[in-house]
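Each in structure tokens, the structures are laid out below.
Below, subunit A partners subunit B and then partners subunit C, in two separate complexes.
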Partner chain A sequence: MLTLHVPDVHRSVVPQDTVQGEATWWLDNTPRWVEVRLFWHTEGKGTTDVQVVQRQRFESPGAHETRPFSLTLPDCPYSFSGRLISLVWSVELVCSVAAEAAPRVDLVMSPSGREIRIDQRD
Partner chain B sequence: MSVPANNSRGSRVVPGCFGLVFLLAGTFFFALISRDLLRTALSYHWTSVPAEVVASGVDEDATEKPYIAVVRFRYLWQGRWRESERLRPGGTRRFEALHKAQELVRQYPVGTRTAAHVNPAEPTEAVLERNSLWLGLALVLPLVFIGFGGVALAAALFPDRRRAPLSAGGLRRWTPGWLAVAGGVVLILGGSALFGQLFAPALAKTVAAQRWTPVRCTVLRSAVRESHDSDGSTYALTVLYSYRIAGREYRSDRVRFLPYSTSQYSSVRAEREQYPDGAAATCHVNPDDPDDVVLDRRPSAFLAVAVMPLLMVGGGLVLACRPWRRGPRRTRDGQVLLRPRTSRGLTALGLAGMALFWNGLTSVFAAEVVSGWMSGHGQVFLTLFLAPFVLIGLGMLWACWGAIWKLGAPRLELAADRASVRLGGRLPARWDLRGRPGIRRVRLRLVGLERATYTRGTDSITDERVFHERVLTDVTGDFRQGAVEIAVPHDTMHTFEAPHNQVRWSVVVTLAGDGPATIEEGYEIIVEPHPC
Partner chain C sequence: MRARDNPFRAERVEALGLRLSEGEWALIEARWQANHRRGAIVGPEGTGKTTLLDEWQRRLTRKGLPCFRRTLRRGESWWPARDVKAGTVLLLDGAEQLSGLAWWHLRWRCRRAAGVVVTSHRPGFLATLWEARTTPRLLADLVTELAGDADPEACVTLHGRHGGNLRLALRELYDGDGKSR
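Presenting the complex of A and B:
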């Protein structure tokens, strides 16, 4: 079992902010590696683009652990939502042995802490 | 949202079988080509010794490939003269066409002194030429088959039972720049090889033959040769003719420099009727080499297909040079010249290339269809099938004409202190009209655009949507220059570029003259995020 906890206060962030949280895993076997990834991806009509911005790998992970993580956001791109494309920032917990979906927490990053809306023409 | 791996056994059988077929076929051809390449490489370690050609000519028998190129040479090995008739390792001496055997023999007239290459392990094995090591390039294709087949087979045999994390997509991305360069290099090499091997010799000969001497010749034998393959039968004209130069009789069967076969039997038969057995005709002889001759020296319609490898080379150059775009151009006073996203010249070149390629290919089939109707053997189905392709070709020609006209049309030069502006910022810019007069209205708009590319079936589709548009200036009259202020809203999205999704900003310029035609071009600007 893998879980990711990011407090609400860290889910709406501004550029160069720090995202902090806790990663918990409870596995049958000791994994070779466990990692938290900060990345953005696109959603919508176009083929999905993904860019991993930062990774934090936990050294010598045990089979059952909870560890804190801290990741720093870059200047851009901002989270935005249009009619064709949306850009979403996320933090995902991945490990070498998990057989289930990687848990993921979505964030919003922009100077205002709110998603930029370009779905209306102005 | 993660991407689940499809693990059911049934869904893995078909891809696994395809993978196995590709893997086996690729391995087989890789082994074949590697064996030949190894033999070729080993021959480069053979010993070179003096040699002399003692006999050179073309023999004929009654087999399917009746013309035999005979070049016999003697070579000196350890103080003893030996003889051989092998020109190159594994090379063929038998030809279906007389002129091909003659071309080979012409390179080695009797008395030629050259070097022979002798296998030191087997001195009776000696050749005059060695095969090219460029054969190694042929290994690329079976390697692609092996790679594709191996991946498909591995995925079928060892399915990933985990749900693939979404972030995994970002970890496996190729660097677009190097991928473009690699793709460009492959296109350049492939196009050059195709053009050099298939078309360049015929093109060069066609040009040279326009100065050759017309000579009276006699048709010895003409026929329509039929060939069968999985797609059906094709037909080609063969004509054996003789001519005299300086009292000596020569023979050849070269009809044109780029021979072709066609499924239209009637057109080949009609052409054969121009060369009945025993008839007199005119051939064209190379004044420097009486053996070099052709019956029809007119450029073949099939030479139009030569555009295809040239387009490959052109496309490869564009692709390979793309990562190394030069920096922004500047005016004399140091301002940055904003550039249109699409160059008029490249657009015209691209459209011209496409129109040439499309119409070149289509015209070959259209000529056959027209020839069929003119000889009373028109085919309705083929005509109807070809009609849409011809219409598309005409449309391409029209678009090409428009692009070429635009090359000479006035253009607007847009200059600013820099090519970027921050969100909420303002960028003063200056515009100047260049080119001939006649523009009566100049309109500049700031446009923000979403752009998404996706695959539908085998097609790649790109959708665009304008999310911001504001008129910067709209002047009517005989103005040749002006100034604008590019003001970007504060609470919108900055420029964003990803392989399939983009947010782009541009200044769209519309120029209208006295006539109905207008010119519209977008000048890219970078909108940067707020400073942190």
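Presenting the complex of A and C:
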């Protein structure tokens, strides 16, 4: 079992902000590696684009642990949504052993801390 | 509606599972074994051939069989296949694009492969393992899974308008702001 906890205060952020949280894993076997990834991806009508921006790998992981993490956001791109495409920032927890879907927490990153909407008419 | 909220966005469509029973899978695999582990998934565009190939790859990987996956780009009529090693199963998407000479070369190159599965719009490359077909009922099932409900009559019209191409049908529903119709 893998879980990720990011406090609400860290889910709406501005460029260069730090995202902090806790990663917890409870596995049958000791993993070779466990890491948290900060990435953005697109969702919408076309194919999905993904860019991993930062990783934090936990050294010498045990089979059952909780560890804090801290990741720094870049200057861009900002979170936005239109009718055809949304750009979403996320943090996810992955490891060498677990076959379940990686837990993920979505973030919003922009100068205002709010998603930029381009699908709404003025 | 935001793109990320549209139930027909690409991420959700791509995650739709294959609609084949274990009995149908057993039939496909039996045909493959009977043809020296060579065969083709045949069908028009948007009928689930690539989805079937994805699932086949997962099944082979779970059994510990090494796989080499390749998707031919549009217009790619020649592929040297140098990376296909002996003992590997080749999964090739888009074989209909290969020229006759390229296909002969590929078969020679893969003579020591543990198996070959290709997708094609037309039969004739290898023994047909499965003919991919779609129905309005299948479209309605997929729409229901994505959006919660589906209008059966509208799905019949939509299916016919796109000649059974589910990819295009679902893309049209995206443009309808996520309304199933």
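FYI, the second predicted complex is superposed on the first by the 120 of 122 C-alpha atoms of A that agree within 3 Å, B and C clash if a C-alpha of one lies under 4 Å from a C-alpha of the other, contacts with A are read in each partner's own complex, and residues count from 1 in each chain.
In the analysis below, a contact is a pair of C-beta atoms (placed from the backbone, for glycine too) under 8 Å apart; a residue touches a chain by one contact, two chains touch by 3 or more.
From a predicted model like this one, the values you see are computed outputs, not experimental measurements.
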Fit-or-clash call for subunit B and subunit C when the two complexes are aligned on subunit A: clash
Partner chain(s) touched by A:F39 [first = subunit B, second = subunit C, both, neither]: first
Touched partner set for A:A102, first subunit B, second subunit C, both or neither: first
Partner chain(s) touched by A:P111 [first = subunit B, second = subunit C, both, neither]: first
Partner chain in contact with A:P15 - subunit B first, subunit C second, else both or neither: first
Touching partner for A:G82 - first (subunit B), second (subunit C), both, neither: both
Contacts of A:Q51 with subunit B and subunit C, given as first, second, both or neither: first
Stretch in clash, subunit B with subunit C, out of 42-50, 78-86, 150-158 or 312-320: 150-158
Shared subunit A surface residues [contacts with subunit B and with subunit C]: 44-48, 82-85, 119
Interface residues, subunit C side, partner subunit A - complex: 1-4, 6, 9-11, 14, 171, 174-175, 177
Subunit A to subunit C touching residues, read off their complex: 43-48, 81-86, 88, 117, 119
Subunit A contact footprint on subunit B (complex, rising order): 2, 4, 161-163, 165-171, 173, 448, 450-455, 463-469, 489, 491-494, 496, 498-501, 503, 529-530, 532
Contact footprint of subunit B on subunit A as seen in their complex: 14-16, 37, 39, 41-42, 44-52, 75-78, 80, 82-85, 87, 90, 92, 94, 98-102, 104, 111-112, 116, 118-122
